[in-house]
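Next, two complexes with chain A in common: one pairs it with chain B, the other with chain C.
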Partner chain A sequence: MNSITNFARTCSWLVHKDLLRELRAPRVWPTMLLLGMILSLAVEMQIELPRDQKQKVLGGLMWLVIFFAWTVVLNRLFAGERDESCWQALLLYPVTLGMIYLAKLVVNFLALAAIEALLVPALMILADVPLLARAGPFLAILVAANLGLAAVGTLVSSLTSGLTRQASLLVVLVLPLASPVVIGAGQATVALLGGDPTSSFRWLQLLSVFAAVFVGLGLLLFEFIIEE
Partner chain B sequence: MLGSQSLSRRSAAGLLETTPPPLEARQLSRVLQGRPILNRIDMTIAAGQILALTGLNGAGKTTLLRCLAGRLCPTTGDVLWYGNSPTRRPDLNRLVGFAGHESFLYLELTAMENLLFAARMHGLSDPQTTVNQMLAKVCLDKHAHQPAGHFAKGMRQRLSLARALVHDPPLVIFDEPFSSLDAPGRQWLEDWLKDLRTAGRAIIFTTHEAEQAQRVANETLDLRGGRLLPVSNSIAASQMRAA
Partner chain C sequence: MYRILIVPAGLAALLALACYAIFVIAPQEVTMGDTQRIVYLHVAVAWCGLAGCIVMGATAAAYLARRAPAWDHWSQAAGELGWLCTTLTLATGSLWAHEAWNTWWTWEPRLTASLILWIIFAGYFLVRSSIDDPERRARLSAVLAILAVADVPLIIMATRWFRGIHPITPQMDPRMRLVLLISVACFTAFFATLIAVRRRQLDLIAHTTNLENASLT
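For the complex of A and B:
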């Protein structure tokens, strides 16, 4: 029990450090939020459909907007640790690589939650999409999709962090790996908005399995990626 | 201190080792991009000793220190901290304080936040008190709430050393700790290293200044051709080559 508490405490301090750095010198989050807002406005204004159909389409498209805005975060997730060789210092602390992976995953998850905290109300107001009409299932979709995206993103970001052309390679690798989450979350949201909770639940199950698999893979592979 | 020499010296004095030495390298070799940097190095540092490491630029001092600090795997040979290999043992990192060429500091965070982060990573029970004491020790207590990125290079170096020693490790590894420090700063660091030695810490540091090494360290070794030579031998070898 004590070791679990220590593990959680260390992870929380690692997350705290990353959030504090972003708060002190905002580099990524303002760009990410601005991009998310512009993309959602552009999408909303281009779709000319009857109200009920538009609501469904936008529910799905919201995930594409979230995905593209979120890729901004991935570039800096590990790159920030390269300044002043802080990554070396991190490996000199008595922390396991699993702790570092999970902490980065949580930061990634929180970044996604921040985009959603902005976009969900924005879409509800701008396009009258009743995203919170079934708040419980919608929240479950958000959590499962965020976990899946964060797990994939953290793994790929660590893989490309030492490369000179990180940004381009990162997107190329993340796109195919994260597409099941984007498609699954879009389908689950559209089904929920269309009044088909059974179908939405099936997609949610798929998202949960994907998230569990990639969190597990990340914990297993992170050590080898870092050593390479 | 050279392993075989120190052991034989201690055996002669009738001293028996009851615990493994803080730091030991056995037949340590490292090849980088096909070029041998370190060649079967044997060394031991005992508690309460300071070892200075000199050598020309590119001699492999930093590579050796990174191997000793567990940050670089040797191509062959072993590094042992108190008899244990640090490979895949992050829990052993509590034993070592390492400061390298770069500061290892988060420049957006204040001096206080940087040290608090390090103290928390090491799981100290009262990080705030320890950090306050450490900031006073490195004369940065008045700058505790300034971002490290605003510091002059010497101040950043002091903070970097404080970060490395915030958990009071028994084994200290510093790569050119005197660089960037002004004259009073150098004197201050020399005194601090001597205090640490008195407190029983095992210390190894690199420097380009032979006089400074002699003032501070019990022993000075020169890294040349991937091998460690006692400084007197090294000077003789260079004189022979010159002749």
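For the complex of A and C:
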């Protein structure tokens, strides 16, 4: 029990470090939020459909907007450590690589939650789509999808960090690997908006499986990426 | 001299056997006619693509456990052939879809999952080409190869989990089933041999590079 508490406390300090750095010198989060807004406006301007038909396409498009805005954070997730040579110092602390992975995953999760906190109300107002009509199941979809995306994104971000074609490689790798999550989240949202909670629940189950698999793979493989 | 000829002769014989089974033994299908024969090639290369991905992931895991470059060469060879087979799967599937469903492409779950696998394979080779240090290249691409395997259950289970137009348990004439089995066996042996040959070639390239580096220092 004590070890779990220590593990959680260490992770929370690592998360606190990343969030504090972003708060003191905002680098990527404002860009991410602005990009999210611009993309959602662009999407909304392109869709000229009646309200009921709009619901069928907006669920999927919302997840694409979230995904592309989020890649801004992914690009810089490990860059702070690399740019300022903090990586070696971080590894000298009594923290396991699993703790670092989980802390970065939580930062990623929070970044996704921040985009959603901005985009969901924005899309509800701009597109007149009742995303929060079934708030409970919708929040469950957000949590499961965020966890899956954050797990795979953290792993790929660490993998491409320091490579010559980092920015382009990151998107090329994350999109196909995370596509089951993006597609699943889109389908679950569309089914929920379309009044089909059974189908939405099936997609939610699938999303939960993806999240569990990717978190497990991340914990297992992260130590092989961070060796040097 | 004879040893050089054994592998190409064996490969040619396998392909000849598969072609004989497909074009001579298999009966003509009533609805689609000769076009249906694409399925014998399509299923075989689809299976080889998935097997290539699984071998790529398994040998990548072996590399991470043992750190022997030979495992990385197996993984790269399986990845290259897996990518080739997935490309052939998409091409033959598209031809089939045009004849059977009157469209070159449809966003059907299994097709989409196969296209995702093709893109993951492409990303795997992009990562490999971005890293000069052989040890780092092998390590990072091994991680990616293991992640790629996560897409395989999706392709296999796509028609059961989601509503697709691929048949789950297709009903076939016994002779058609036999030809399908022959085709799958021949193409599996064909691509397995190519993987072994490519792995040997990669071993030799690494050995030559090591010798060059040693002579320079």
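Throughout what follows, the second predicted complex is superposed on the first by the 227 of 228 C-alpha atoms of A that agree within 3 Å, B and C clash if a C-alpha of one lies under 4 Å from a C-alpha of the other, contacts with A are read in each partner's own complex, and residues count from 1 in each chain.
The rule is short, and it goes like this: contacts are C-beta pairs under 8 Å (C-beta built on N, C-alpha and C of every residue); 3 or more make two chains touch, one makes a residue touch a chain.
Small disclaimer: the values here were computed from a predicted structure and weren't measured.
Trainee: Superpose on chain A as described above, then tell me if chain B and chain C fit or clash.
Mentor: Fit.
Trainee: With both complexes overlaid on chain A, does A:180 touch chain B (first), chain C (second), both or neither?
Mentor: second
Trainee: Pick one for A:221: touches chain B only (first), chain C only (second), both, or neither.
Mentor: Second partner only, chain C.
Trainee: Of the partners chain B and chain C, which touch A:10 in the superposed model: first, second, both, neither?
Mentor: first
Trainee: At the Cα centre of chain A, what angle separates the centres of chain B and chain C, to the nearest 10 degrees?
Mentor: Here the answer is 90 degrees.
Trainee: Quick one: classify A:89 as touching chain B (first), chain C (second), both or neither.
Mentor: Only chain B is touched by A:89; chain C is not.
Trainee: Is A:2 touching anything from chain B or chain C once the two structures are fitted on A? First, second, both or neither.
Mentor: So A:2 meets neither chain B nor chain C here.
Trainee: Taking the superposition on A as described, I'd like to know which of chain B and chain C A:155 touches: first, second, both or neither.
Mentor: second
Trainee: Considering only C-alpha atoms, give the closest distance between chain B and chain C in the superposition, rounded to the nearest Å.
Mentor: 8
Trainee: Which residues would you name on chain A as touching chain B in one complex and chain C in the other?
Mentor: none
Trainee: Quick one: which bits of chain A touch chain B in the complex? Just the residue numbers, please.
Mentor: Checking each residue of chain A against chain B gives 6, 9-10, 13-14, 17, 20-21, 24-25, 83-86, 88-89, 91-97.
Trainee: Of all residues in chain C, which touch chain A in the complex?
Mentor: Touch list, chain C to chain A: 64, 112, 116, 119-120, 122-123, 126-127, 130-131, 136, 139-140, 142-144, 146-148, 150-151, 154, 161.
Trainee: Given the complex with chain C, which residues does chain A contribute to the contact?
Mentor: Answer in residue numbers: 152, 155-156, 159-160, 163-165, 169, 172-173, 175-177, 179-180, 183, 206, 213-214, 217, 221, 224-225, 227-228.
Trainee: Could you list, by residue number, the parts of chain B that touch chain A in their complex?
Mentor: Interface residues on chain B, with respect to chain A: 69-71, 90-94, 96, 98, 100-109, 113, 117-118, 120-123, 147, 163.
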